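So, here's a batch of structures to check.
In what follows, chain A forms one complex with chain B and a second complex with chain C.
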Partner chain A sequence: MSEKIKEILGEDAEVAFAERRYALISEILPRILKGVRPLTRSDLLDKALLNKYLGIPIFLALWWALFRFTFDVSAPFSDLIRMFLSKLGEISRVSISNQQLASFVADGVFGGLGGVLGFLPPIFFLFLGLAVLEDSGYLARAAFVVDRIMYKLGLHGKSFIPMLIGFGCNIPGVMATRTIDKEEDRILTILVNPLMSCSARLPVYVLIGSAVLGGYAAAGIYSMYVLGIVLAVLMALLFRRVIPYFKGKPSPFILELPMYARPTLRGTFSHMWERGVLFLKKAGTIIFLGIIVVWFLSSYPWEAVHHGDNFLLENSYLAMLGKGIEPIFRPLGFNWMGAVALFFGFIAKEIVVGTFATLFGLAAGGTGEVIPALRVSGIFTPLTGLAFMAFTLIYIPCIATIAVIHRETASWGWTIFAVVYGLILAYVVALAIVGVGGLFGHV
Partner chain B sequence: MIIRVAVIGNPNVGKTLIFNNLTGGRAHVGNWPGKTVEKKEGKCLHKGVEMQIIDLPGTYSLTANSIDELVARNFIVEEKPDVVIDIVDASNLERNLYLTLQLLELEANVVIALNKYDVAKDLGYEIDVKEVSTLLGAPAILTVATTKEGMEELKDVVMGAAKVKDGKRQFLISYGKRFDELILRLVCVLQKDEELSSKYPITWLAIKILEADEEILKLVDKSPCKHEIINQLLETKT
Partner chain C sequence: MRLNRRNRQIAIYAITLGVVYVIVGAVEFTSGLWNLVSPGITVSFLGVPIDLFGGFATLVMGATYFGAVPILKGKHGSLGFVLIGTLLSAIFGVLYLLIVGADGFGTLLASWEGEEWTWEWLTSGSAGPGLLRPEIWLFFASLPLAYFALRTTKKERIQ
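The block that comes next holds the complex of A and B.
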């Protein structure tokens, strides 16, 4: 019956009724409100920040400022951490007599895990910036600005909050969709949430960007975030059109805008700390485990890999695995190292970085730092580097996110769908980047 | 006689404070039947009359889109409280009056409490309470829940409103010629279904049908008038 009425009256009858009620309120208001309310500073800010035309450019500009800040300010801190850890690696290599144990500590622990920890500063600074935006009251306004577009595109306005949270981590992002009332709107939001570039991807962007994009590193990283948003919107639009389950319009919602406030030092730092510590915990558990596996596979069979004084990575189990899956990635221009990095990255995307760090650390005898080592190795051109970043952004969400998607959708169907469409989309986008770049004469 | 009073309002308008002021903070807390939404009930004795105060969930509107809104709306429609106190944030009338309009359309016996009047004054507003009453056809008073200002007056007004329950005039919003005509036609059809028309305000029912409200359509689906309603809708299409 509901379908029939919508068919007869058109989709927008409900909106038309709501508009009439608000029109009536605006007629009544001047008759009951005497005295003019002076414009407060908050109103003036809102006039600019929520402006129909200025709102979006201001949002994008602030976002850009956030990433420049994250990238530039964190660089010296990252260098310090890496230097410190590689020193520790060298010391342990010299002082441990057992060769295999020395390699494990130097290459696996200090090289691989250290490679990941070097990206702690950008993550902390990203969360610091986000906390400032959130505590000042701007983030809620960003939701308001974006909602106008999202609603037209068929995404529920409330989905913006889970999306924003997804920038930190997709897991709370997926869980935050619980605030969405309609099941269809909710599942749609869950499906596109992994496209929001979570902080785990940031180390990969910073690594590849710094190694091969030169002066365009920050722009390349920023473009990944924008790409994620654009793809999320496009996919939502596509799913709404193509999958019968999602047909129909999202229900409108009211968003309460908090007052602007000056962020407090304490509040901001505790916000940053809470989220940043999650990364540290993850580094100590799942990432560490993943890196041990990578170290093991790349160091064994021991005799074949450590041939006399030569280190023959080509003989390792990891190389066998990598070369097995390399053909799939050849059209994208990734070699077998890129392929295995992505393979293990599905456990947690930081492991992509950890894999590179372990591989280059082993090859260089544990002295090389991962960014220059990657640059020198020449396994990525700027173009394939960008494609690799995009692939990392889009392909399978990490294992923990998959588990949460399954729990929240209560369906293996949607879970598998999320994984499969991610893989296909990642491949298509990476291929498009390489292809389009090729047209313009880049390689 | 016990007067049954429901308290409703947008989130963050001071609804809980007013509920506590009215009941002295003593409340029976439970759940709405079959729902995970909290239900609070308290008593208020004013000038020898007992009032039972029921706290409804805070909502912005009364659609079928969320459990909170449904709980609030079903209570008003099915339990028919004698008076519904609509607590309005006086410093943010534009958003808050939307719920007020919906309550009036629902033909609830509304008393409007313009709360946070102090905040509104600080912002430079002055509110013409009489004009609010005249325009909306429901008694309105100014309150400041934090200082208990206007609480005695609120109780007086609620008691007064409880007496005039049946003599209320209907509040009609014009939705433009096309929809107004349609609403009238549907009202004519719906009147024939005695079960529906005795339980629900008919004009509201017609509006909700046009809004394709899922809960209401479920009801109409069972009505013998179903086909006639669809025919009326189809007629306007051509």
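The block that comes next holds the complex of A and C.
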């Protein structure tokens, strides 16, 4: 039907209908209303927020405010959770007589899972900020503003909403591409959606940023989000130019802007809770299982790893696995611990943090705080830490996202392509960060 | 006539604030950029924090206030720039205050863990110079502007 209309009218059906509708409205209005229509406050706000030159800078400034709020304001709440779980770990270590069970509860449960739960506040703060932007009616304006650039670079304007959802979680982000009518535009949006930095990556950024970037931690985290958007746009442009399937212009984007509204406390907090609770559920299931696997591999063979009071992590199954894949990551400056954390991050990104928390908790012989432990370990410099953050951002987010990509594209070809290009791009970008940073004298 | 005079005053105040924001933002941004390309050499002017992205945001606020210039030519629709400028001032002012508060809370937690309590978080921490951060004071300076801009856009019919 849509194709038939397009054939008759010579333009996209959606555009044609919208143009006729607004032409009719403009025809009727002057007959009913006399004089010049006064500008509403909404019109006044749009003059600035949708401004050709200031629209995007204002969007970036607001985004920066959101990340400072997420990172800096939530920090003491994270500390509070970590302190509490650390105490629980110490108590369980003292009160459980069985050494293996005590290690499991203290290092695996309170150390590993606790290390992940400590990042609950930034995730909730991020969703709180996003809920305010969404409920106020600003996000629709942001889509409108960004569409100008996205269209020129080959992405459909409707791609912005799935990409924005991708900041929360890539799974609903990929699923939200169903609103895009043209199949080529939809597949293209699915392929670049994993580059949107989902909330699962945030704990990794906060961990590495806090441990090695010092006063630049917030800037480092913000850079990852900007890098994700830039790479998504660049990859879309590249795919449209190189892959024949995507050749041609994206279909036009029509968006009716909602009125501005004052976000209500109840609405904002319920939106935050709905999204944040998903992280909690994930922490209790897949992350917990992943961390148990990491704890097992890092604690066994028991006799080889535990020599009296000495803990020989180097003898663990995890070290064997890590050392096996370490040569691949050596040019990026990651040691076997970083390599193994990325390996398990394939299941879910939060496990990267859980892996470090378990490893450092075990090595310290107590449920220590993972951030200072990582800083002291010296396994990352600021530059390799930034490269590690970029690698975490770019390579496929988690197994569940891969499954959804397969379901939505109904193609193993596109699914494998998404995984492979993500890995290659992650490696290239991380290598570039280390190389270029080195040229400027950074370490 | 009254609307014109009041809007003129609003525009002049907004442009003045814009100039200050641009100066502060430019210093923050350039020192941040300098520190990025020349690691190890820390350059800070007049106590203004070194903050690449924060400086960019402050520059954007200044540029938004400059959008009030057409009001001087009678184009009252540009009051939208004043509204957004004051909104951004409020967002960043409150944000930096929250960051200072969070630093204080962090210091309190550290003191529970046995570290010595200090008041340093008030003047140095995650927000740079703490309460001395220029954006916090500029936020207070923008409050009268926000009040008058809101009152004007609520009562008058802008055309």
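Keep in mind that, in the parts below, the second predicted complex is superposed on the first by the 408 of 443 C-alpha atoms of A that agree within 3 Å, B and C clash if a C-alpha of one lies under 4 Å from a C-alpha of the other, contacts with A are read in each partner's own complex, and residues count from 1 in each chain.
Going forward, a contact is a pair of C-beta atoms (placed from the backbone, for glycine too) under 8 Å apart; a residue touches a chain by one contact, two chains touch by 3 or more.
Predicted, not measured: the structure shown is a model, and the values here were computed from it.
Trainee: Name the contact category of A:Ser26: first (chain B only), second (chain C only), both, or neither.
Mentor: In the superposition, A:Ser26 touches chain B alone.
Trainee: Based on the superposed arrangement, let me know which partner A:Leu312 touches: chain B (first), chain C (second), both, or neither?
Mentor: neither
Trainee: Scan A:Val428 for contacts with chain B and chain C and give back first, second, both or neither.
Mentor: After superposing on A, A:Val428 lies clear of both chain B and chain C.
Trainee: When the two structures are overlaid on chain A, which partner does A:Lys4 contact: first (chain B), second (chain C), both, or neither?
Mentor: Touch partner of A:Lys4: chain B, not chain C.
Trainee: According to the stated criteria, A:Leu289 is in contact with first (chain B), second (chain C), both, or neither; which is it?
Mentor: So A:Leu289 meets neither chain B nor chain C here.
Trainee: Should A:Ile91 be classified as contacting the first partner (chain B), the second (chain C), both, or neither?
Mentor: Once the two structures are laid over each other on A, A:Ile91 reaches no partner at all.
Trainee: Is A:Val420 touching anything from chain B or chain C once the two structures are fitted on A? First, second, both or neither.
Mentor: Neither chain B nor chain C is touched by A:Val420.
Trainee: Residues of chain A that sit at the chain B interface in one complex and at the chain C interface in the other, please.
Mentor: On chain A, the residues that contact chain B in one structure and chain C in the other are 36, 38.
Trainee: Hey, which residues of chain A end up touching chain B in the complex?
Mentor: 1-2, 4-6, 8-9, 13-14, 16-17, 20-22, 24-26, 28-29, 31-38, 40, 181-182, 251, 254, 256
Trainee: Under the touch definition given earlier, write down the residues of chain B that touch chain A in their complex.
Mentor: Of all residues in chain B, those touching chain A are 11-12, 60-61, 63, 65-67, 93-95, 97-98, 101-102, 123-128, 131-132, 135-136, 173-176, 179, 207, 209-212, 214, 217, 220-221, 226, 230, 233-234, 236-237.
Trainee: Would you tell me which residues of chain A are touching chain C in their complex?
Mentor: Touch residues, chain A against chain C: 36, 38-39, 41, 43-49, 51, 54, 57-58, 60-62, 64-65, 68-69, 72-76, 79-80, 83, 218-219, 222, 440-442.
Trainee: Residue numbers of chain C touching chain A in their complex, please.
Mentor: 37-40, 51-54, 56-57, 60-61, 63-64, 67, 76-81, 83-85, 88, 91-92, 95, 98-99, 101-102, 105-106, 108-109, 112-113, 126-127, 153-154, 157-159
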